[in-house]
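In order of appearance the chains are A, B and C, and numbering begins at 1 in each one.
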Amino acid sequence: MIEISELTVRFGGVRPLDDMSVCFERGTCGLIGPNGAGKTTFFNVMSGFVKPLSGSITAFGDNLLKMPHFRRARWGLRRTFQTEQAIEELSVLDNVAMVWEHSRQEGRGNRRQDVTAALAFVGLEVDPDVKVGTLGARERRLVEVARAVVGRPKIVLLDEPAAGLPDEETEHLGRVISAIPDAMGALVVLVDHDMTLVSACCETTAVLDFGKLIAAGPTAEVLRDERVIKAYLGTEEDL
Amino acid sequence: MSGTVEKVPAAASPGRSPGTLQGPARVRIAVLGAVLLFVLFALPSLLSAYWVDVLTSVSIYAVVSLGLGLLMGRVGLVSLGQIAILALGAWIAARLTYATSLPYPVVLLLAGVLTAILGTLVGLPALRLSGLFLALITLMLAGAITVVLTTTQFPNGGPHFLGHTDSSLGSNAIRRPSIALSDTGYFRYTVVFSVLMFGLVVLHLRSKAGRAWAAIRQSEASALASGVNITLYKLWALALASFITGIAGGVLAGDVGKLYIVTFPTSANILLLAAVLMGGIYTLWGAIAAGILIKLLPALLDSWGLPPDLLTILFGVGILQVLTTAPAGVAAQLPHDLAKLARLITRPFRRAAAAGKGSSS
Amino acid sequence: MSALAFLGLPTWENFKPFIVTGLALGGVYAVSGVGMVVLYQTTGVLNLAFGAVGALGAFIAWEMINNTGLPTWVAILTCIGFGGVVTLTYGVIFGPPLAARDPLTKAVATLGLALILLGAMSWIWSDKARSLDLSTSNSGFEVNGVLVNWTQVIAMGFAVGLTIVTVIYLRYTRTGTAMRALADDREITATLGVPVRRVEASAWFVSGCVSGGAGLLLGNLVGLDAATLTFLVISSLAAALIARLNSVVVTLIAGLAVGLVNAMLAPILSVSEYRDMSPFIMATIALLWLSRKDIRVTGVR
């Protein structure tokens, strides 16, 4: 469980996150909101790239904000990025192995086993020694997800993993994401604009608007909530 | 299920990253080994002493270029003071040869280690700075080192810590290893050490550090999110680059016998940067190309009666050309061409190997 | 026993002449520093060829003074104008293709220009020792027992004057304000209808002229040697770095300080031979100290 309490971030005169308090309990949790709502800022706070003005994050009983950013991966935090994809000049295997090397707990697990398991889990069927730079968008996304689930992570943050993907691949991705909590034992927070994907994967969803939490609860209810619909008016999202 | 699944056959995939030793890689290594044997044993007898000496320098500066290429290409760190580091390594090695009777490889190793320690100590506080300021600090420090060395000069058998004497009576040349007293012998010694240094870097590139560097180069944020301690790995790259440059300095000391500060002018730092940019910072071949640019071209120009200043101008143009058009360096083309050539040469061997496999299955 | 003697240092009388040479040289460092800082703030380019441009201008002036019948003032104007034109040409040709790159790349590119100019100078004029004689060095006056020649006065005056003019210009003129706006935020300034290309061109040209002037002064105060003059830019750079490439006034003070410290170490025999290190050490310490609170941006959106 991740408990976020009164999290506030300030950049100059803007507050990308304003007194955000929410609980992500288990399984796959959605985090949605219009552009600029603060979702990526929230992920950046979790990753340690942005220091909040105030507030706290307690994840599985540990104070996340106290840890230096690169140590959080070792603790069990993983994340994908909207644009920074997997490392192009390394092979698929090396990409996933790299994350395993830097974020495993001492002495636990076997590299080849864990990496192969992660690649099989996301359903990536390419030669693992091929450079990621030669792969297409779909395969790269899957490599990125494999990097996020290798080993035994505690939290997996997925930042718009389906952006730009055609429907059938989004479906496959959705199946993979839904399976993460059971297969890997991790809590997943999914940010995306594709509401079909969010509905399919996430039991619960939280909604941000202008840095504030405006709704949280079972996904179907949240998507019907009037405040949420109003927040999205004026943008071309299909609910 | 998903529609586009291709099982990419292992041997023919063009985008293979280093890691497994099969088929084409084995052939490549065999070719490299053959070239190396040729260079070590056949080449010196084909050339005059002067050109053997030039090639010794090429080998030394290829290692220095490798260090700078490592910093720039793998970690994005521009150092404008690598020649000053080379001078430091040369000083340390020279001092050790006079002060001790340690075997030469040990002297070189010590020179490398001490240079690495100095390089890391100096780099540590500066890593916090942005790219431009960091590069300028390296320039400042190179300037400082040059001033110190201009005054202390280099050890030549003299007394005290500095080991320098102005009189010709008390001074003698830096000793060479007993197995490499002749110029040809020293050339082979240099090539062996250079190959070892290249090998050391290759080992790193294929290891955890190499993967971490690749991650850092692509995106620091993504690397951090993967758990990479960026400061540590940047320092590691700095230490490695300083180490190989220090060893190169030691080899240089034995090569020239007498060291002078004019061997390491401030302009050389910039010329090195130009050569490395032109040779290409992302490949190992680029380092060799840079060594050729720095030491072979001037000798060629000299033998044709052309002024060395031409080269300075050429390097200046080279920097501008590389930065405005081909960021991967002019020699990024060369490996492609060489690789094509290698494939052409090894095609009959590969065909035989494939036929052999087919018949045994 | 005086305090200096107590510390084992030479007497005040020994130091006095070095104050003048130090301030004069420091003045030129400051001038170069200010030229570089203003250009950097306006275009994002740290012109490391600053010294080389000035050196080439000085060589041309030398050629004109010694080998043609033209009067000295023509040579001086040519040098200054040459500096402006070469720098402007570089800025116009290589500014746009590199505009989107980071400051480090842009600075390294100017090293390309520096090498080209350095090579050209070595080729045309070779390594013969030369000096750039300016008539202003032949006369001067005495202050408190120390001789000061007019060139040195010009150097110091140029520094102070340039700084004052620059500060006023940046503050009160339209182009100056546009330069400050560009320094602050490039993209927004462009959308506000500011003629970015023209403002940048002014910055390139004027900073080039300044480098020409600095080249003349250094050619006289230090000597006319291609490599020395080209790499003396590193000492001017020290002043600009202490100012973190930011404040023109701090650059002035830093330049004078760097020149002064360097010169004042000359009579102290124990460190005299190492005094040329002082600009580098000062810059390194200042930069590390001033950046100690900086949080590195890890390039996250």
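Keep in mind that, in the parts below, contacts are C-beta pairs under 8 Å (C-beta built on N, C-alpha and C of every residue); 3 or more make two chains touch, one makes a residue touch a chain.
Owing to the predicted nature of the structure, the values given are computational and were not obtained by experimental measurement.
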With respect to inter-chain C-beta contacts, which pair, A-B or B-C, contains the greater number?
B-C
Identity of the most central chain, Cα criterion
B
Tell me, please, which chain's centre (mean of its C-alpha atoms) is farthest from the centre of chain A?
C
Distance in whole angstrom between the CA centres of chain A and chain C is 51
Per the centroid of Cα atoms for each chain, what is the distance between chain A and chain B, given in Å?
41
Where the centres are mean C-alpha positions, what is the separation of chain B from chain C, in Å?
34
Touching two or more other chains in chain A are residues 49
Counting only residues that touch at least 2 other chains, which ones in chain B make the list?
219, 221, 224
Would you give the residues of chain C that are in contact with at least 2 other chains, written as numbers and ranges?
298, 300
Contacts from chain C onto chain B in the complex sit at residues 46, 94, 97-98, 101-105, 107-109, 111-120, 122-123, 227, 230-231, 234, 237-238, 241, 273-274, 276-277, 279-281, 283-284, 287-288, 291-292, 294, 296, 298-300
If you look only at chain B, which of its residues touch chain A in the complex?
1-10, 13-17, 19-20, 208, 211-212, 214-215, 218-219, 221-222, 224-230
Chain B - residues contacting chain C, complex
78, 125-126, 128-133, 135-137, 139-141, 143-144, 147-148, 151, 219-221, 224, 265-267, 270-271, 273-274, 277, 307, 309-320, 323-324
Chain B touches which residues of chain A in the complex?
47-49, 69-74, 77-79, 81, 84, 87-91, 93-94, 97-99, 101-103, 123, 125-127, 129-131, 133-134, 136, 138, 147, 168-169, 172
